[in-house]
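Read from first to last, the chains carry the letters A, B, C and D; within each, the first residue is number 1.
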Amino acid sequence: MLKSPKFIATMVILVVMALLPLGVGGYILGLLTLAYYYGVIAMAWDLLFGFAGEVNFGPTFLVGTGAYTAAMLNHYAGWPIPVCLFVGAVAAVVGGAILAVPALRLSGPYFGLVTLVAVLLLQNFIVLFAGTTGGEIGLDIPDVLAIDAAPNYWYAFGFMVVSGGLLYGLANSPVGLILQASGQDAIEASALGFNVTKHKLAAFCVSALFSGLAGGMLIFYLGTVSVGTVVDLTIGVQVIIAAVLGGRRTILGAAIGSIFLIVAGEILRPLGQLSTFVVSAIALVVILFFPGGFLGILQRGEGRS
Amino acid sequence: MRGGLLGALLAAGLCLPATARAADPIKFGVIAETSAIGGASIPKAAQLAADEINAAGGVNGRKIEIVVYDDHNSAADAVRAFQRAHSEDKVSAVIASYISEVVLALEPWAGRLKMPMITPGAASDDITKRVHNDYDHLKYVFHGYLASTQIADSVCEAGKQLLVKDMKAKTAVVMSEDAAWTLPLDNEYLKCLPQIGVKVIDHIRLSPDTTDFTPIFNKIEGEKPDVIVTGISHVGVQPTVQWQQQQVPIPMFGVSSQATSSTFWKDTNGAANGVVFQMASAPDVAVSPKTIPFAKKYTAKYGVTPAYSGYTAYDDVYMFADAIKRAGSTDADKIVAEMEKTDYVGTLGRIVFLGRDSQFTHGMKVAPGYITGLMEQWQDGKQVTVWPSSAGTAKLAFPKFVKLGQ
Amino acid sequence: MLGLQILIDGFAISSLYALGAIGFTLMFGVSGVLNLSHGAIMVVAAVVAWLFAGSYGAGPYGGALVGVLAGVVTAFATYLLVVRPIQTSRSIPGEEKEIFVLTGTLLWGIMLQEAVAYLFTNNPKTVRPLLPGVVNLLGVRTPTNEIVTAAISWAAIGLLWLLVNRTRTGKTLLAASINPRGLTLLGFELSRIYILVWAIYGVLAGLAGVLLGAFLGVSSDNAGTLTASAFSIVVLGGLGSVSGSLVAAYVVGYLETLTAYLISPSIRTVPVLLLLVVVVYLRPQGLLGRR
Amino acid sequence: MSAMLEVSGLIKRFGGLVAVKDIGFSIKGGEILGLIGPNGSGKSTVMKCIMGIEKPNAGSVKLDGVDVAGWPAHRIARAGIGLVFQHARPLHRQTVLEHIILALLPDNLLMLVADLHVRRRAEEIAARVGLAGVMHRLPRTLPFADLRRLELAKAVARNPKVVLVDEPFAGLTAAEVADFSSLIASFRSEGHAVLLVDHNVKGVAALVDRVLAMYLGEYVAEGSAEEVMRNETVRRVYLGGKIETASRPAREGKGRTPLLDVRGLSVLYGKAQALEDVSIHVGEGEFVSVVGLNGAGKTTLFNAISGLVPSTGTVSWRGESLGGRTPAQIARGGIVQCPESRELFGDMTVRENLDLGGQHNPPAEATRLIAWLFELFPILQERQGQAARTLSGGEQQMLAIGRALMMQPKLLILDEPTLGLAPVILELLSKTLERLRQTTDITVLLGEQNVTFALPHADRVYVLEHARVVWEGDPARFAEEAGSGYL
């Protein structure tokens, strides 16, 4: 494993990525910073979809819960960032568990719908209590992680590498094995003596933890929290597209998909309004012709050798 | 795949020019949602101003270049664009958005990145209030449009003649969308309308996502006010069309940002007929000698009249250019210092920014002889000015279904 | 008076919801496709109708006709460019086709939405109403267009009912929704039935889009909301159940109208969302769905 | 009582249908019980109720004296019952060894690293079931038998007191069957209680200590394999009683013109060879029966002919190859299948079902056909306004046949028409077939495991076993040459 070319290539890429601030402009760093945060959300989503087999249409419910909790603690109570992040992540886990306990009894489109509705409800809730949450306007956050692009980049990069490592490790650990078995064939997994609901719930909580944390980090980077940044359905859609695009059931592919989406959107920026159109079209073509996503393309080449 | 992507990124990074040379153009960033009426006018008007300045020799021998960023009306996209404008495109100043939420999200970044910024269309009082409260950090932010409170005052001022005398209105319902800019607007409406003798009998804040306004209009109609005083910007076409289709007998009067563009008539299929709305300048009124020529030029070039944010964006480019010319440098602090000394007659009127002592620090001075508001009305496909009478080109006229107070 | 008002307004909006959702549920019932570009197709139809009725001088009727046609064309494009390639793909495992159809149609919907925003801005557009003016219904002033909307919606739903229950072609549609394999064994080509379904779907979605455009006005930004609302109604009524969708559309329409009138327009959708959660938990097969 | 597993009074209802009626039995440690019954007899439901995959409506399932009925499956599994699935979907990215490790893991959320001894144990198990050579390969690269071995390996790893095995030998070759038998026998020698669930006594006779036979959810017989095979009711269920081979008056020209010619047909389901090099032919006007046990490949053969599953080899219809035609084209071309699963339109009425079958005909012809059908099946006329799913099993079968006949088939393929039907209905069906044979020039290809039903209606018989044709000939010769194995 440690000597496999795949591992070495990953290490080389990571080192290059870590050293990027020495070579590229602040803008690209800012871009990648966002991509890394969304990457973590997408990886957390893939843990749920690719391994637990549950399609969560509302990743932004978890992200938004974490982000808003952290933001309000910082805005009103002035708590330091790490504490806000921690409490935000806990809130996301609690919210995720409240959502998941009943929702996991459902399957297929129904589970998806409930998670979707959760997002809409959160959105309505934020708007209804505009006095506290800032409503449609959003809430500004006094503290930010860092002002300069490079430290912000390193925060995000470190966060993504650690989260990615943990999620990947978890997915490939014995528990990940059980989770995957539960996602693939719940009946067989339970006949093997595994409490499928327990494992899926745990996966949901882990997914919520990283999503909430990423949401918190993201808003402490942007310095503002608003429905449009962390709750809106379109953000959730981006996350799902990123994960499928990068390659389902790979965890790491989700991060690659996120980076691709944001970077491609930026490279196509001269197209203005059309850039989203073109990025969606590219994603559609990849899904139609390379359903394994980017990592699928890589692995297919490898499988032949 | 990943390697390729990174390679492209690295290449892009290395291609950046290290420093700007003297002969390089001065860049202004324009951040706006270009697929919305309010947003679309901003880069177009800014480009028009830049072209004019460049045709006249530029600024200190350097041309002006407008770099446009589409923020898709998202605060996150806008922050990204702002960062790009600062660190990659190295712009000297940013003209940003007509949405208060977006501007409020950008404001701390203008402070952090020390980037002069002006908004040509957002109205929230908070924009200038924050500058007032934290001047040292946020002095880079200027407000190139009226603050909500000022807008409300301007509507009330016009109301003295139009509402009270012409329309004989005694009661009103305030109908605003739930957004950052309407909070101070509504507060001021509730204060100033009674002062001119119009009693506010209800205050409705509606979600900007509303598509069906029937219940709202029905509720208002049940309360029998003489006028609906509006504060809408995100919504516009739908309430107007439904107002007309349902033949709500109460006139709409106040702020309706989307109504300021000529495409509004087409989008509403003429339902806009009779809507009265506030503007700072209009295509048919010589608010200043520059107003009508600009509107004509813009209309000739783009085929539609500018939205309210077009006038301000046009002026903003000129003001930044003048400030840089006077400062002789694109240094942010020097630009800010010169911007504070601005006394410029633009399409909006005479523009002077208020100082640190005002609660509207870096907001525009609104007073006779400086900037005053206008009231416009859609009449048979045309925007006509109905107030003040000095500039007024037409009398109020409403569609038949509207019943005025007696 | 208020009661009557709610009754009338709720009826019109509910009819429109029903029309929008019925194509969506028919599509799912017969071909198992949840088309997440549904809202975008409605938007395209509405914007084309607006464009032709206004700028190209086709008049309200001509515009509406071209709009519906645009709905059909877009629906076919969705089928041929997105759904069929996924259904026939050999590299996508069968059990994952569903998520691929969802993702694919989602992306396609975004493309449509962005194209409309790029070409015509995201500002709401209103389709010229077929019959302008108002009539007095028992003391409630009602726009004629509102009545026209309800009438056309119901006419379309009625025609669909006749088609499915009274014609041979309709019977095959019904049979395909119950047991596609059985239909193949009887010598019917499923591919032809799917094309027929997409055509019917296109007409329904197009019509719903045009009517919505005339009734409330439509912006490209509404695409996602429209899909979500159709999806909610269809799940509430029971996936694939046409009659369930009709009932659910009225439940949603009236619940929203009641909330807007009696509580506040700003929480209009909240009770519906809560109801949806409750129904999905307690009765996942929906109001009229069968397990 | 030293019974390790004791089931009593087990009842399971699905809606109105009673799938399991008061079933009870017990298995001691070191004993193998065979639970047999044809498709739809409820034996799989019994197994699922024991495992906790289905919750029984009544009855008890005692494991070492503890009633586990109604527990969730994972608790029952931890209590000591294991199930070897017939079709399990292996994980995509995990090796064989990792699959076995999975089965060795405790149900613990904090199980982040597996112990080394777990790995060693998994390797031992792999060696024991014969997977030692392939334990680092991915399941998708394995042959079918190895996938079944993997399922066994998981059961071994779980080391349950009671092992339930679903159709242990389905899809395996004779050599593999021997292999598996010895593996299952080793469970017995280690003191496990084993329940084998299968269609036929024959398949498990060599292995089991006792057999319990079920039919239509009910207990039929229990005893040694020989006893059960001799049981009158069992014989009637499987054979319909005494095998009759009344010869039919030969009609002129019958069988001369070749209608269907199948050559070298093979079908693969994933790794499983469902059909191997099968060749059959049917002449015009002939009644041909294909008999074989469940899982022998009859349905696969028919589906391949109808174009519903991809196959290699050739299928010619009136001299033309059917390759490249869609299933619907083949059906319209005259080969109409009435499948085992019937595939009715449950929510539509009987009449609507029939009308759909007749839609390709001109209206007048369809009306004539309907009248003829109602004469053939009077019950359908009575029930014509009723939704198809409300019909009884026998009526549904008649409707399925009637609907197929509405298409005026040249060749009617009947797949297991007797499945799950009461004997009195069988007789009715039998008469109807006879009537078709006498009064029309229809050609029929009949697939059956019920030999007594199949033979009287056959001009020729093929016997399918383990995906191959093993015998072909005159029904009269069947009883002596091939009839022995059909229990």
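Convention: a contact is a pair of C-beta atoms (placed from the backbone, for glycine too) under 8 Å apart; a residue touches a chain by one contact, two chains touch by 3 or more.
This structure is a prediction, so every number in the text was calculated from the model and none was measured.
*Asks:* Spelling it out: a chain qualifies if it touches chain A and also touches chain B; which chains qualify?
*Replies:* Common contact partners of chain A and chain B, which must touch each of the two, are C.
*Asks:* Report the chain whose CA-based centre is farthest from the CA-based centre of chain B.
*Replies:* That would be chain D.
*Asks:* How far is the middle of chain B from the middle of chain C, if each middle is the mean of its Cα atoms, in Å?
*Replies:* From the centre of chain B to the centre of chain C is 37 Å.
*Asks:* Would you mind pulling out the distance in Å between where the CA atoms of chain A average out and where those of chain D do?
*Replies:* 46
*Asks:* Report the inter-chain centroid distance for chain B and chain D in whole angstrom, where each centroid is the mean of the CA atoms.
*Replies:* 74
*Asks:* With chain centres defined as C-alpha means, what is the inter-centre distance between chain A and chain C in Å?
*Replies:* Chain centroid spacing, chain A to chain C, equals 31 Å.
*Asks:* Two-or-more-chain contact residues of chain D, please, as numbers and ranges.
*Replies:* Answer for chain D, listing residues that touch two or more other chains: there are none.
*Asks:* Specify, in ascending order, the residues of chain C that touch 2 or more different other chains.
*Replies:* Each of 117-118, 266 in chain C touches at least two other chains.
*Asks:* Two or more other chains in contact with one residue: find those residues in chain B.
*Replies:* Chain B, residues with two or more chain partners: 35, 178, 207.
*Asks:* Following the definition at the start, I'd like every touching pair of chains, please.
*Replies:* According to the stated criterion, the contacting chain pairs are A-B, A-C, A-D, B-C, C-D.
*Asks:* Show me the residue ranges of chain A that touch chain D in the complex, using the header's touch definition.
*Replies:* Those in contact with chain D are residues 169-170, 173-175, 177-178, 180-181, 184-185, 187-196, 198-199, 202, 249.
*Asks:* Flag every residue of chain D that touches chain A in the complex, lowest number first.
*Replies:* The touching residues are 51-53, 72-74, 77-78, 82-83, 85, 88-89, 91-94, 98, 101-103, 105, 107-114, 154, 158.
*Asks:* Which stretch or stretches of chain A touch chain C in the complex?
*Replies:* The touching residues are 49, 55, 102, 105-106, 108-110, 113-114, 116-117, 120-121, 124, 127-128, 233-234, 237, 240-241, 244, 248, 272-274, 276-277, 280-281, 283-284, 287-288, 290-292.
*Asks:* Under the stated contact criterion, what part of chain B meets chain A in this complex?
*Replies:* 1-3, 5-6, 8-10, 12-14, 16, 34-35, 68-70, 72-76, 79-80, 83-84, 86-89, 100-101, 104-105, 107-109, 112-113, 178-180, 207-208
*Asks:* Can you list the chain C residues touching chain A in their complex?
*Replies:* Residue positions touching the partner: 34, 82, 85-86, 89, 91-92, 96, 98-100, 102-104, 106-108, 110-111, 114-115, 117-118, 224, 228, 231-232, 235, 239, 266-267, 269-270, 273-274, 276-277, 280-281, 284.
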